[in-house]
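Written below as structure tokens is the structure these notes are about.
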Amino acid sequence: MSDTLPTAGYVTGPVVDHHCHGLVLRDLDRPAFEALMNEGPGSGRWTGSPFDSMLGLAIRRHCAPLLGLEPHADADTYLGRRQALGHEEVARRMLGAADIGTLLVDTGFQPDEICSPAEVAALAGDTTRSHQVIRLETTAQDLLAEGTDPKELRTAVRQRLAESEAVAAKSIAAYRCGLDLLDGRPTDMEVAAALHRQRPADGETWRITDRTVVSALAWTAIEAGLPLQLHVGYGDSDVDLLACDPLHLTAFLRATQRYDVPVLLLHNYPFHRHAAYLAQVFDHVFMDVGLAVHNTGALSRRVIEDTLELVPFGKLLHSSDAFGLAELYYLGTALFRQGLHDVLEDLVMRDELSEADAARIGRQVAAENATRAYGLGSG
Amino acid sequence: MSDTLPTAGYVTGPVVDHHCHGLVLRDLDRPAFEALMNEGPGSGRWTGSPFDSMLGLAIRRHCAPLLGLEPHADADTYLGRRQALGHEEVARRMLGAADIGTLLVDTGFQPDEICSPAEVAALAGDTTRSHQVIRLETTAQDLLAEGTDPKELRTAVRQRLAESEAVAAKSIAAYRCGLDLLDGRPTDMEVAAALHRQRPADGETWRITDRTVVSALAWTAIEAGLPLQLHVGYGDSDVDLLACDPLHLTAFLRATQRYDVPVLLLHNYPFHRHAAYLAQVFDHVFMDVGLAVHNTGALSRRVIEDTLELVPFGKLLHSSDAFGLAELYYLGTALFRQGLHDVLEDLVMRDELSEADAARIGRQVAAENATRAYGLGSG
Amino acid sequence: MSDTLPTAGYVTGPVVDHHCHGLVLRDLDRPAFEALMNEGPGSGRWTGSPFDSMLGLAIRRHCAPLLGLEPHADADTYLGRRQALGHEEVARRMLGAADIGTLLVDTGFQPDEICSPAEVAALAGDTTRSHQVIRLETTAQDLLAEGTDPKELRTAVRQRLAESEAVAAKSIAAYRCGLDLLDGRPTDMEVAAALHRQRPADGETWRITDRTVVSALAWTAIEAGLPLQLHVGYGDSDVDLLACDPLHLTAFLRATQRYDVPVLLLHNYPFHRHAAYLAQVFDHVFMDVGLAVHNTGALSRRVIEDTLELVPFGKLLHSSDAFGLAELYYLGTALFRQGLHDVLEDLVMRDELSEADAARIGRQVAAENATRAYGLGSG
């Protein structure tokens, strides 16, 4: 932990960040930095700068000292110092301060822009390990582009999952058809028929958006026994947030529970209470509040507290959902530590929780739950 | 009040618990106890123990001292002591500490597993009274099984409501067809036609799931002038929570308001702000946050505070929604007292509320509102 | 600021109230006052008095001293004193204490009951300015009643918008067809066909409820470059709140963003986190939590804090949404100042925000954002 957020005593030690992306490994000017800050369009006529947000305040308050600046340094000072140090040094400082033991890295979004899982891990520390999370829709599109027969798609995806070293599969159903996934695995003929209907025109590339196909991909991961991550809730303007309420997954979760394969609901904000309910009533459902934590900055404690109302303590995970900017790995992790610690400490102060239990819950959520869900072992 | 939660000075005196169930009157081993704790599946491969939750912490913190244990006793110590004392002694201590004046008991769920309203009242205290809440769907299914002509079902239900001593009817529309009830009473012919379509196969029993029939039953209670309780929101994995948002009731509430019969929205979490809105804009709508209070444990104050934002003070009720475990009557009641008191006290400390008003609101919510809504009298 | 809420140091100076209505300029007895208090039906058999609510507490606590009474005066004392002073003196005190620099007044609801924008401004202070917000559906209905050819409606509305001095248009799509507005401007022929289908019977008046027509009106404002206010969320029992979730606007917002015309989401409670998300991902979207602030009274800080989690600081506005009662202008404004100040001050105390930034955010939200969004100039 950085000394800028020093008091998270119940949530110490290396964390497992069970969902993040790669870093952009180049120096960034202000527009490029702002475009990567949040789910919005960067700076804008009406928005002004994305620094005028809880995330912007958090960067100026907590990241500035890691670059040797005073807390609350202004945006230009911050970005000037960032460029002077160089992106690699900044990444080493931010990821080092985050104290990350293990990273699970989604490699399916803008892979040409960002670095590999191994590169993130190397910047995070000598002992940090990384694992791949493989994206289902991208994998399927690649296979179709390579000439896979649509009737064989499911089998081919399953084989590719087996060949990969991925510890989890990820579905972006939320961006493609919404979360109302089918409560039974579609047949290969149904998949082929759906693909036929949405095959690309000559010269265009495959883009899987059909509910039958997206559902089949999610079921393929479940049947392969591979933990399934699902984007839920909060995202950019391409998402239809109403269709991303995790409650739309209810029938799918009811149908998949007998497989005992973890289904991990990512982000969830502003539906995090809904996700916590699902994690309570379905044994195989896990959740996090990644992405929301660094975006809500110093107000993120509330999001964590809302979530703890119902979530079983063994099913809450940590993720940063960081993409591109080193600051997001640090803030996502440090603010989550701090917010969870603050909630636990408040319960201890009110004598609603023992110190020993608080420390145990901190360890579970920070690392042990993810280690167990993904079978990461200790090696 | 137990001395473990001693400070709820604005919410003192015997409460009316306007919605609970019976107790399981036998000693319980750990798996049996855990299976009754919350809306989840009990212990599980990924969940571990349901004690690892806010409810589990609350049992260990607040129920343990009632059994003569230290606060925060571990689960095995707690359950061992519980078995040594015997379920009846535990029930007397828990229900006694809850200080319940009147219980309204739903007798329609797993009646073979749980004790009668009179038995709950006897365990709760010498002066505790109980009343029955009659379940509409169960009553109708019983009548059909007894050979009632589907065309006569509505009349037969109404007669059975009149013959019963129930002070309220309850609908579990949420579990059967969702809350989008019809905004006019279906005719007997429409009910008969719907029942004909869903009549059971030979050897099977009636299970009413049709929206027309469920709506007709709710309308029957309204027309009979019997307060209507509705399960809303939070429930187990059989529920489709999206269909249980109380806002789906808007058209039904608009149509029924002219009858001046109380409609009482139960639980409501995580849609409790929605329910509070309905209680503000419809005169005949009441609400509670039962079930959510003991499940969210030491974090339940937030749920109560969210609710108070809009709910008229004369339309918030207390319920535990306890089922089976004596602990849930105690925690549901004690935590609600404490949470409501804490919100009121905070307002008094900030000089936003006078002490006299705080005490008046406490009395209203704890008992007077329910007494008025159900016409319970003082006798 | 009144000395009853003296500490809002980060949110001082005259505000822009970017959405309110006129005052009822006559003395009111208790039933008449209560009927205007909130979105409910006034006093009622089950509700008792609307004074038994957070709003009622706020009036007794914060408005009573402005009438020379003790804080927490009871309702009858308050209303007696109010009548003795006379409505005009009460209005001068309340609106003066609110410290309003500029009012944007919606003139489309019950115009015979309430005073004009200029009259509100005159009561608010010597230097207070007012501007009209023109209601789209009312304008269109007026034009149709005047004999405008349905095929020409869009052109006629656009001309009337241009002729008016309104600084914004307002749509009450929420009350007419829900917020799922079309993501492209309907053609004049489509509008005419839709109007033909819903033309009034002889002797009846036009009431526009068709989604195509309501969408066309919203698009007309966008194409005219006039900022578009939309009622979202919280309203009276005529609204179907589920259809008023701002997320239903997603496709419309995606389609309109290229016009760079501000779209201003009003009220938003209990979907204010949803609105804040939209304000983050769409550059042209602004929001407020008006109406909810005075209704939730001393609990309104939470609503403001929820909102700040994601909203860009340059896109949060202040509105009272006051209608009829002078108290609502005062409370809507004073409580918003106080709540926003409290959140900012708490962040400053925790060293998560600098004092200079807190003051800047206070100024932006209180006045500068609205001045910029509506091009109000400083003159």
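In order of appearance the chains are A, B and C, and numbering begins at 1 in each one.
By definition in this document, a contact is a pair of C-beta atoms (placed from the backbone, for glycine too) under 8 Å apart; a residue touches a chain by one contact, two chains touch by 3 or more.
Just so it is clear, the model here is predicted, and its values are computed rather than measured.
*Asks:* Residue numbers at the subunit A-subunit C interface: does the shared fraction exceed half, giving same, or fall under half, giving different?
*Replies:* Looking at both copies, the contact residues mostly diverge.
*Asks:* I'd like the angle of the rotation relating subunit A and subunit B after CA superposition, in degrees, nearest 5.
*Replies:* For the C-alpha superposition of subunit A onto subunit B, the angle is 120 degrees.
*Asks:* Averaged over CA atoms, how far is the centre of subunit A from the centre of subunit C? Could you give it in whole Å?
*Replies:* 37
*Asks:* Quick check on subunit A: which residues sit in contact with 2+ other chains?
*Replies:* Correct list: empty.
*Asks:* Can you name the residues of subunit B that touch subunit C in the complex?
*Replies:* Answer in residue numbers: 245, 247-248, 250-251, 253-254, 260, 262, 273-274, 277, 280-284, 286, 305-306, 308-315, 347, 350-354, 357, 361, 364, 372-373.
*Asks:* Taking the complex as given, what residues does subunit C use to touch subunit B?
*Replies:* That would be residues 38-41, 44-48, 50, 52-54, 57-58, 61, 71-72, 234, 236-237, 240-242, 269-270, 292, 295-300, 302-303 of subunit C.
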